[in-house]
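Okay, handing you the structure first.
By letter and in written order, the chains are A, B, C and D; residue numbering begins at 1 in each of them.
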Amino acid sequence: MSDSIRVTVWNEFRHEKASPEIAALYPDGIHGAIASFLGEQPGIETRTATLDEPEHGLTEEVLANTDVLIWWGHTAHGDVSDEIVDRIQHHVVLEGMGLICLHSAHFSKIFKRLMGTTCNLRWREIGEHERIWVVEQGHPIAAGLPAYFEVPQTEMYGERFDIPAPDTLVFVSWFQGGEVFRSGCCYNRGRGKVFYFRPGHETFPIFYQPEIQKVLSNAVRWAAPNGGPAPTFGNVQPLENVQ
Amino acid sequence: MSDSIRVTVWNEFRHEKASPEIAALYPDGIHGAIASFLGEQPGIETRTATLDEPEHGLTEEVLANTDVLIWWGHTAHGDVSDEIVDRIQHHVVLEGMGLICLHSAHFSKIFKRLMGTTCNLRWREIGEHERIWVVEQGHPIAAGLPAYFEVPQTEMYGERFDIPAPDTLVFVSWFQGGEVFRSGCCYNRGRGKVFYFRPGHETFPIFYQPEIQKVLSNAVRWAAPNGGPAPTFGNVQPLENVQ
Amino acid sequence: MSDSIRVTVWNEFRHEKASPEIAALYPDGIHGAIASFLGEQPGIETRTATLDEPEHGLTEEVLANTDVLIWWGHTAHGDVSDEIVDRIQHHVVLEGMGLICLHSAHFSKIFKRLMGTTCNLRWREIGEHERIWVVEQGHPIAAGLPAYFEVPQTEMYGERFDIPAPDTLVFVSWFQGGEVFRSGCCYNRGRGKVFYFRPGHETFPIFYQPEIQKVLSNAVRWAAPNGGPAPTFGNVQPLENVQ
Amino acid sequence: MSDSIRVTVWNEFRHEKASPEIAALYPDGIHGAIASFLGEQPGIETRTATLDEPEHGLTEEVLANTDVLIWWGHTAHGDVSDEIVDRIQHHVVLEGMGLICLHSAHFSKIFKRLMGTTCNLRWREIGEHERIWVVEQGHPIAAGLPAYFEVPQTEMYGERFDIPAPDTLVFVSWFQGGEVFRSGCCYNRGRGKVFYFRPGHETFPIFYQPEIQKVLSNAVRWAAPNGGPAPTFGNVQPLENVQ
């Protein structure tokens, strides 16, 4: 195992090609922006992968060498092949790979697969104000953050967010227009850890905010495999001759 | 056991004596108002108790005949005797009595005792608007409610609310001034169930709102003892001669 | 809505046809045995459905008139059509139908779909002794049970049970051969409630045990829809003109 | 802040003085044995404190310089002063100090204070066999462990363990005599983290077992403060002039 945490940042990478405004905001793609700030962190090394690469850039070999997979997708969830989704689920649940799903990845096949629910929500796109409150300050993902921070302009996501109750709820968002949202949700799924983080709308410079970057680098460290035991499934013998 | 759920509504009953405005709003006291609407529900019978009665109206005999205790207190938490708090804790944890703590009862001795944390929070009293979102629609306490409901004017309570993460989080509040709050929190504590519900500020007619009344009658039914087993503590013998 | 809880007991119904011993134990099928004792409970009405019926007996009309679906399957999970699994998931998550999965239904498509994990486990079939401990006595499913109860002979299931941590863990099993198991697991999934209950191996008369019958009738009452709000997903307008 | 995690190992230190057998097993006291193996870990520095020292060795200055406090107590819980318990609770909940409670510390004042329940249990002292199963393999405390490990001879603790359901349940124990136990329980309490770990009976060489030592060093790293935000309690102003 490498000493560094090996992060693969996956992006559907369609908006940046279709919209000059989004391309101007993220000239190297959202994946490029995320990989760039994470790669500057000590002990983290990054690579990227995108939808239109062969196997979406997520070959067995790539996943076998990924400690944490970050996922950004929005308009093309349906284009992700079920076979690759199976592969990712296997690596999370049975191999312990971490998975971080960002913003509209709430509707990605892999997130819905791991949650078992529709992952649907309310939304509104008027560039309103968001305040993100830390509700579990002792969690590793809250390290170095203030009691709350703000995203000046964003797309709103509101409850009911149709997810299983998180194993740990770290952030709750307030929106100007009257909604709340469970914005930072931690899950154990098999040997792996999953983190859903709400911010990240493509039309605003959200991934350049220092607090957002802090959350993501914390989340990478939290989600990295811990070296816990592989489970022993199947037919087994009884314990014999105990004292 | 009675066929009805026996509810004791406890109120510190100080504001209503000190403030003509509050007395006008709650001429029979907050306890009287709550006992009145609950007592009209089928299968619920109510009595009341207040701080200035002997033993705060919560004798061993009263608690032994209470299925669910509702608690409203604010300015006089320190006047509640530790011996009575011990008694309530015993009835919740070991006898299965339900406990519903309302609004400023977040700072009551019994709630802090059962939580183990400070139960502190942010607050503001400017009569602002609150929207209460249902985040766990399948929970019994959400029965018959809309996706959200509103309290037109209230005191604000905001995160970080210093509580253990609820076993089930049913409601999250949005406030006009920028805060969010975990407003409906369910806990198992020993054989008993505990529900914290945020609304209920004494200067507004909150306990006359139909949605608030619906929540409280749902909560009473949820918190009533279920007839589960008494635990068997202490020194025990091993299982012998299993097949 | 009917005043009674409408339960549909589903069974794969293959063992009873293939094995004279199992047929002797459950002459009306496992579904028949379960429907029989549940149907004797006040306020519960039952019907049955099996794999080899058209649409596995689970038409849209049947599910629309089912409050709680009970599932027993073992050797033929793969024969259940994905379309019916989609339909059941829809009724649980979006319509609030309860789902109770028994014993080897840990590996059913619908349970794996709702969990997002492999739901794999350790097992051993030597007819050993099981002790089922109540660890959350205040939960409705523990009503009327002793502190623990025993299954004299059973197939063993052992940890690691590859499930998400239950929202509430009600039972933990002890097995003679050295294993433990989270045997009673409650989940909220969307508007619906899901209960996994471990006992129920086809070669032993487990569904005739009074404690097992008590658990199932409690679980039916717990899992029945509560009449909570349907979520409002999609594009929404902001709150206007508060105060 | 020191670069190392600063651990204070607290022991009531009465058994070792009263019993030659226990003194032979733990010649430097249980605290000495624990501090010794932890102190050999990279990035951990230890000190010890005991009941009979002034302020039980836990002055404000000591706690202000403690990242994680480990607690072993059994026969003298009642001799711990309430003032010191208040101080520890303050450091956990408001300052983020980690707390690890071992074995009979289930009945310590500080653990009961933080739980809000009786923390009672079943027990038996016949030196029986214990198997400890990892039920959440991805948790940091499970790092480097096998799927299960054994304690050859121990005192039994059995359910119902009267605690709030853990935020994360990491271990479940099996005992030869027929009981199960939630043996590794993680809690967030305010800014701090609390871990209860069952093994550690004074008459057996349990703290010399490599798996036990591994659990404790993992737990120290998990429980150390993370640098999350201090909450901002009290009267606050509304958000103004959002976009």
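Throughout what follows, a residue touches a chain if its C-beta (ideal position, glycine included) is under 8 Å from a C-beta of that chain, and two chains touch if they have at least 3 such contacts.
Predicted, not measured: the structure shown is a model, and the values here were computed from it.
Student: Measuring between Cα centroids, what's the chain most distant from chain C?
Tutor: Relative to chain C, the chain whose C-alpha centre sits farthest away is D.
Student: Comparing the two chain pairs, does A-B have more C-beta contacts than B-D, or is it the other way round?
Tutor: Between A-B and B-D, contacts are more numerous in B-D.
Student: Taking the mean of the CA coordinates per chain, how far is chain A from chain B in Å?
Tutor: 37
Student: I'd like to verify one number: the distance from the centre of chain B to the centre of chain D, where each centre is the average of its C-alpha atoms, in whole angstrom.
Tutor: That gives a centre separation of 31 Å.
Student: Do you know which chain B residues sit against two or more other chains?
Tutor: Chain B, residues with two or more chain partners: 128, 131, 134, 136-137, 147, 158, 160, 165, 167-168, 176, 178-179, 188, 190, 229, 231-232, 239, 242.
Student: Note which residues of chain A are touching chain B in the complex, please.
Tutor: For this pair, the touching residues of chain A are 131, 133-137, 147-148, 158-161, 165, 168-169, 172-175, 178-180, 182.
Student: Could you pull out which chain B residues touch chain C in their complex?
Tutor: The contact residues of chain B facing chain C are 96, 127-129, 131, 134, 136-140, 142-147, 152-153, 167-168, 176, 188, 190-193, 225-232, 239, 242-243.
Student: For a test of understanding, state which residues of chain B touch chain D in their complex under the given definition.
Tutor: Residues of chain B touching chain D: 89, 93-94, 113-118, 120-124, 126, 128, 156, 158, 160, 162, 164-165, 167, 176-179, 187-190, 229, 231-239, 242.
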